[in-house]
Amino acid sequence: MSSLLTRVKLQQIKKAIEEGKRLDQRNLNEYRAFSIEQGAIEKAEGSARVKLGKTEVLVGIKVEVGTPYADTPNNGVMTVNAELVPLASSTFEPGPPGDEAIELSRIVDRGIRESEAIDTEKLCIIPGKKVFVVFVDIYVLNHDGNLIDASAMAAVSALMNTKMHNYEIVDEEVIIKQGYTPLPMNDFPITVTLGKIVDKLFIDPGLEEEEVMDSRLSIAFTGKGEICAMQKGGSGYFTAEQLKEAMSLAQSTAESQRKKLKW
Amino acid sequence: MSSLLTRVKLQQIKKAIEEGKRLDQRNLNEYRAFSIEQGAIEKAEGSARVKLGKTEVLVGIKVEVGTPYADTPNNGVMTVNAELVPLASSTFEPGPPGDEAIELSRIVDRGIRESEAIDTEKLCIIPGKKVFVVFVDIYVLNHDGNLIDASAMAAVSALMNTKMHNYEIVDEEVIIKQGYTPLPMNDFPITVTLGKIVDKLFIDPGLEEEEVMDSRLSIAFTGKGEICAMQKGGSGYFTAEQLKEAMSLAQSTAESQRKKLKW
Amino acid sequence: MSSLLTRVKLQQIKKAIEEGKRLDQRNLNEYRAFSIEQGAIEKAEGSARVKLGKTEVLVGIKVEVGTPYADTPNNGVMTVNAELVPLASSTFEPGPPGDEAIELSRIVDRGIRESEAIDTEKLCIIPGKKVFVVFVDIYVLNHDGNLIDASAMAAVSALMNTKMHNYEIVDEEVIIKQGYTPLPMNDFPITVTLGKIVDKLFIDPGLEEEEVMDSRLSIAFTGKGEICAMQKGGSGYFTAEQLKEAMSLAQSTAESQRKKLKW
Amino acid sequence: MNEKPKKLINTKGLRLDGRKPNELRSVKIDVGILPNADGSAYIEHGKNKILAGAFGPREMHPKHLQQADRMVLRCRYHMAPFSVPERKSPAPSRRENELSKVIRDALLPAVFIENYPRTGVDVFIEVLQADGGTRCASITAASLALADAGIPMRDLVVACAAGKVDNKIALDLMDIEDKIGTADVPVAYMPNLNAITLLQMDGKLSLKEFENAVEIATGGCKQIYEIQKEALKKKYEIIEQEEEVE
Amino acid sequence: MNEKPKKLINTKGLRLDGRKPNELRSVKIDVGILPNADGSAYIEHGKNKILAGAFGPREMHPKHLQQADRMVLRCRYHMAPFSVPERKSPAPSRRENELSKVIRDALLPAVFIENYPRTGVDVFIEVLQADGGTRCASITAASLALADAGIPMRDLVVACAAGKVDNKIALDLMDIEDKIGTADVPVAYMPNLNAITLLQMDGKLSLKEFENAVEIATGGCKQIYEIQKEALKKKYEIIEQEEEVE
Amino acid sequence: MNEKPKKLINTKGLRLDGRKPNELRSVKIDVGILPNADGSAYIEHGKNKILAGAFGPREMHPKHLQQADRMVLRCRYHMAPFSVPERKSPAPSRRENELSKVIRDALLPAVFIENYPRTGVDVFIEVLQADGGTRCASITAASLALADAGIPMRDLVVACAAGKVDNKIALDLMDIEDKIGTADVPVAYMPNLNAITLLQMDGKLSLKEFENAVEIATGGCKQIYEIQKEALKKKYEIIEQEEEVE
């Protein structure tokens, strides 16, 4: 990627952060402005388009009838998929999801799953036979850094916006009826990602910052402030002290992010 | 491909057509001679081998029991697949069908489907549960231009030649009985392809003509002379006048082609 | 491969064999020492780890409930798969099984299948509906030549070591009960592979010998000394006389190998 | 809930969404909305919502696909899993592969491919919501993405379909009309050159009906062409304003 | 309808198709029937119908597979979807992959691979109809395709199977004999060199039965070898005649 | 037969396998056991049985992945089909792909990648039997395989998880604790540098519980580190002895 930016610029970004500043004038603990448009895809059961700086992610939700897993016969199923579509960045290639897309989808998946955000028991139709399957499809439309937080935010916003068809069961067949019910939600997680350069931590890395940072830490918090998912990435490390600092920075950021959402 | 022929020859072909002539002595509106051998593969339910000039296409038909599509519970299913097998041309590679093979199969598919050539209602066994599936497999054995018309002709000839096993239903199971019934056919489409160089149109392009022509237009006609499928290909265009000329040329060619078939 | 060894060494190996000797001091009709550890993977239904010289193969057996083939409704199913995992040799690549792995699995499969080693009728649960499926997974851990014999030996050793869960049938459902039963076995085949350089035959080729030999012949024998599978490989040939010599060499080797096994 | 309506055109001669037979759906276009693409466009054509991004001219990879005498144009038409009523697998279907090819064939006549030998241009089309006529709306957007990327072109390519519903030739079929109707003729067109660059058909039409359909489809194209040009102009006005400010 | 016959050899010692145990099915071969291939052959062996085409010697792609000291021979054995009773997916099965490899191993001993270093030769085999013994018939045709392409060869390779049916060793099993019979031994052979280049076996045979099977299989090979040579000669006679005419 | 136990910690404070909450499973490691790999290690961590092999530094293929200023490290984490209760398809799952990536991210901080520009090192991990905590045991073994291959490293990487079972933070969860327990925190660690190189979490933990879990996990890492070093020493003692003998 370093061909995309002059080495000079990358050096400047790195040096600035080492001095506690950022080239886009943000403070180290400052999130970029974001906007959420729910219902962007009116024909999907749920959807949300999130802009975080210039990063843009669209999530669409489809709800279909399927079979439960053998070990959870009374629970609906959620499945998360992420596509880094090639119009979002010249570094994205068409084709099946690569490692980066798979990791992205699995981080978002764990945040939603472990926070028990969806009340999957209410998605059971006929125990052991038929349940609702909730497909969460993450579509990255523009890559300007921190795809994890933008995708997590878009996924949760889309789920909060999801309406399922009413139905009745006749002879073990699901008959769709008029009207809609909201997807049963218990909670929603907030995911906060921070970067590290040498011993400096900073919130919500932009694309150029991602290119020079040592490592990344993403943490998802439940509504009660519990941690429900976490992922370290990148070729660097965290000392115990850095980790403590990162946790506290992430938690306070998650709280202030949560306040900005009206749900 | 241009390495396969000297540029000189390609220039000659182009120049000739611009002057209203063809290097193989055909008139612009003249089809190559063709032959049809039905039943070439006696173990298949239907088959036909078509030679059009040196182009050779074999189509085999298999009829199997399967499930109908949800939105057409009372209709059998037809599926068309085309393989450009590598012994047919040094430009064909082994592997899953590429764009050219997919386009070929879809053009042939539309001609048969939209002309309602097969009486799919008669292929229903148990509504919503079991129907006959008709597999049309196009096997290109030698490529000398105009694969579309040769494949369409071979597919229709094979369908006209198809015999299905008699059967009875016992406890919702299909039991094969002795004897055969012809595949129920309502009609058969004729597909005519023409090429364009600058403003000259010509019927049934050969391989070398395909390499120099601007664009291609393929049109399928029903027995009543209606248009039932069409596809433009190539990097050129048609003006409204050229299109009108092409349609009339194709229609008269289709009529004379149809007369050559004895069905 | 020849970059892995100096041409000199390969020439020496070849020359030695032409003179009736082997560089590792073995006689032409001498097998390498081998060891078998059954039950290496205690959580699998059966397993065995075979070392043949430095060649090392692990086979694990899983037994699961599945459906029979339509033409053998009263028989359980066996399926053999081989993975040449990349840590076994710098020449093995990650990815789906290549030609070599597929051939390996199919040779082992035929030896077991044609000797009727497994009593597949005893693996039938509900005729035509439910049977046990025996998965034989060959995992090559180190490649030092003669993967065929080592894999065949490991597969048979693992099958002899396999224990299936006891079960009962309630309402056409398989209910697992306490306790285990050995996999029903009728016989076990012994597979012997020999190499040929010019007109010299030698048993159990090592890796470097494989690189210089003309051809390979693998023969599987039943407990009664019948031949039950055979495969020639490599770019050379066998004359009728060489074949006769090879058969008799293989048979006597198989007998002495069989005696070393205690089953 | 999937009951099919019996009539697609009512006694007043209006369609299910209130349009007259020869009336377009509403079309909105924005150019230059993808920051990372060299050129881009977003179209809302009826309920279709489609993004197109163009990258290049850039070095062609893999190298053996380079052409010594011209630029290579590649297109990928792709539907989001949530764009259709039943979730679509993100792996490209045969239909998507075919449309990628015919869209490329529709755009190529407009591009001066001899200008940038050895380079490649990629056009990526993502259908975010589909409601009938996605290939046409995709072409309309993709040609703007190419223009926005500065690729030299003979004309914009604009596309629109016509078809037959309730025995009438009608312009710009939406999904339900496409499914229940008896014919659909998508047409791509370069108005300045009077050149048809995409032409497909399925259904059954007499020669006369077909000619009628092509005529009203190119009529629709001409209307959308104005919206295309407006969108392109708007993008460059904004840029000029920004430059003035600086 | 798939009832299996109880006896494969009747009281008169004849098989289901009237052959004696050591009798070949009818074999017809045409050489040079594919205009675009460098060499080709078509074989009807019983109800088997198989095409083989050879391309090369030509530049080897991808380059890293080139061999500095020899030609690389590649084979692909492939069955048409309609060649077998139940439609076969066109994607290569594990069986097809294995057969591609053993057919290559059967042809290689005949080819002077050191003659054309750095080049590649591809042999493509398409089974249009299968009735038992396709690998053998494929080898017979493929070796003619190589010869027709002008690849220098030590001898033609010809192949035929023998097996055990109703407790008798029989030549050239057809599909139903292969399925119900108790053993099958396909053999490929270079008659002039007395060299066996393919040998496989499944079923159960005593050593003696096996030797007997190999013997009668090579006998069958020798008969087919005459038909092979005839077909090759016929092709070149035709060419000579054509040349005389010119 | 898959009945889940109600209690994971009994009234005496012991776990199902008799361990105390802060007790490791037994860990046995052998280094240098794969003859063909440049470096290798085998670990039995509880019932986990895992092989790791390192190849390189060697020329990087394909070439376009070479880095002018550093070595490229690639990892593949793969499970044998028979390693888990229900047979696993040998094709890599999304989980295996993700773990390959996080394991690479966990090993990278230890490697002096700038030492061998343009080269590649491959680490292949094969899980032969799985019983919870395979990613940690894989990292422990993989870092030894790298060291055994002679790759210059800042420190060994060692990994261990902690989690929450029956409302208690416990060290080194085995499979059933992982499945029924309420949280799992795998940690990879370089003890000499006090550096955490892998950190994941699922389940629910308060900030305090999480810190506690990380603390006891790194404690577990330190214990395994001693076993790692012992295994490495043993390998080189054997080599030295062999050299003395010669």
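So that you can tell them apart, the chains are marked A, B, C, D, E and F in the order they are listed, and the count of residues begins at 1 in each.
Simple rule for what comes next: a contact is a pair of C-beta atoms (placed from the backbone, for glycine too) under 8 Å apart; a residue touches a chain by one contact, two chains touch by 3 or more.
Just so you know, these numbers come straight off a predicted model, no measurement behind them.
In terms of the stated touch criterion, chain C and chain F have no partners in common.
Chain centres computed from CA atoms place C at the largest separation from chain D. Each chain gets a centre from the mean of its Cα atoms; for chain B and chain D, those two points are 27 Å apart.
Between chain B and chain C the centroid-to-centroid distance comes to 48 Å (mean Cα coordinates, whole Å). Chain A and chain D have CA centres that are 32 Å apart.
Chain centres here are Cα averages; for chain D and chain E they lie 52 Å apart. Multi-chain contact residues of chain C (touching two or more other chains): 97.
Across the assembly, chain D contributes no residue in contact with two or more other chains. Viewed as a network of touching protein chains, the structure reduces to one closed ring of chains, two contacts apiece. Neighbouring chains touch in a ring; in the direction leading from chain A to chain D, they appear as A, D, B, E, C, F. Partner chain B is touched in their complex by these residues of chain E: 1, 34-37, 40, 47, 49, 51-53, 55, 58, 76, 78, 80-87, 90-91, 122, 124, 126, 128-129, 131. Within the complex formed with chain E, the chain B residues making contact are 40-44, 47, 54, 58, 60-62, 64, 81, 83, 85-90, 94, 96-97, 135, 137, 139, 141-144, 165, 176-178. If you check the complex, the residues on chain B that touch chain D are 71, 99-100, 102-103, 105-106, 110, 113-115, 215, 217, 222, 225-240, 243-244, 247-248, 251.
For chain D in complex with chain B, the touching residues are 2, 94-95, 97-98, 100-102, 105, 108-109, 185, 190, 193-207, 210-211, 214-215, 218.
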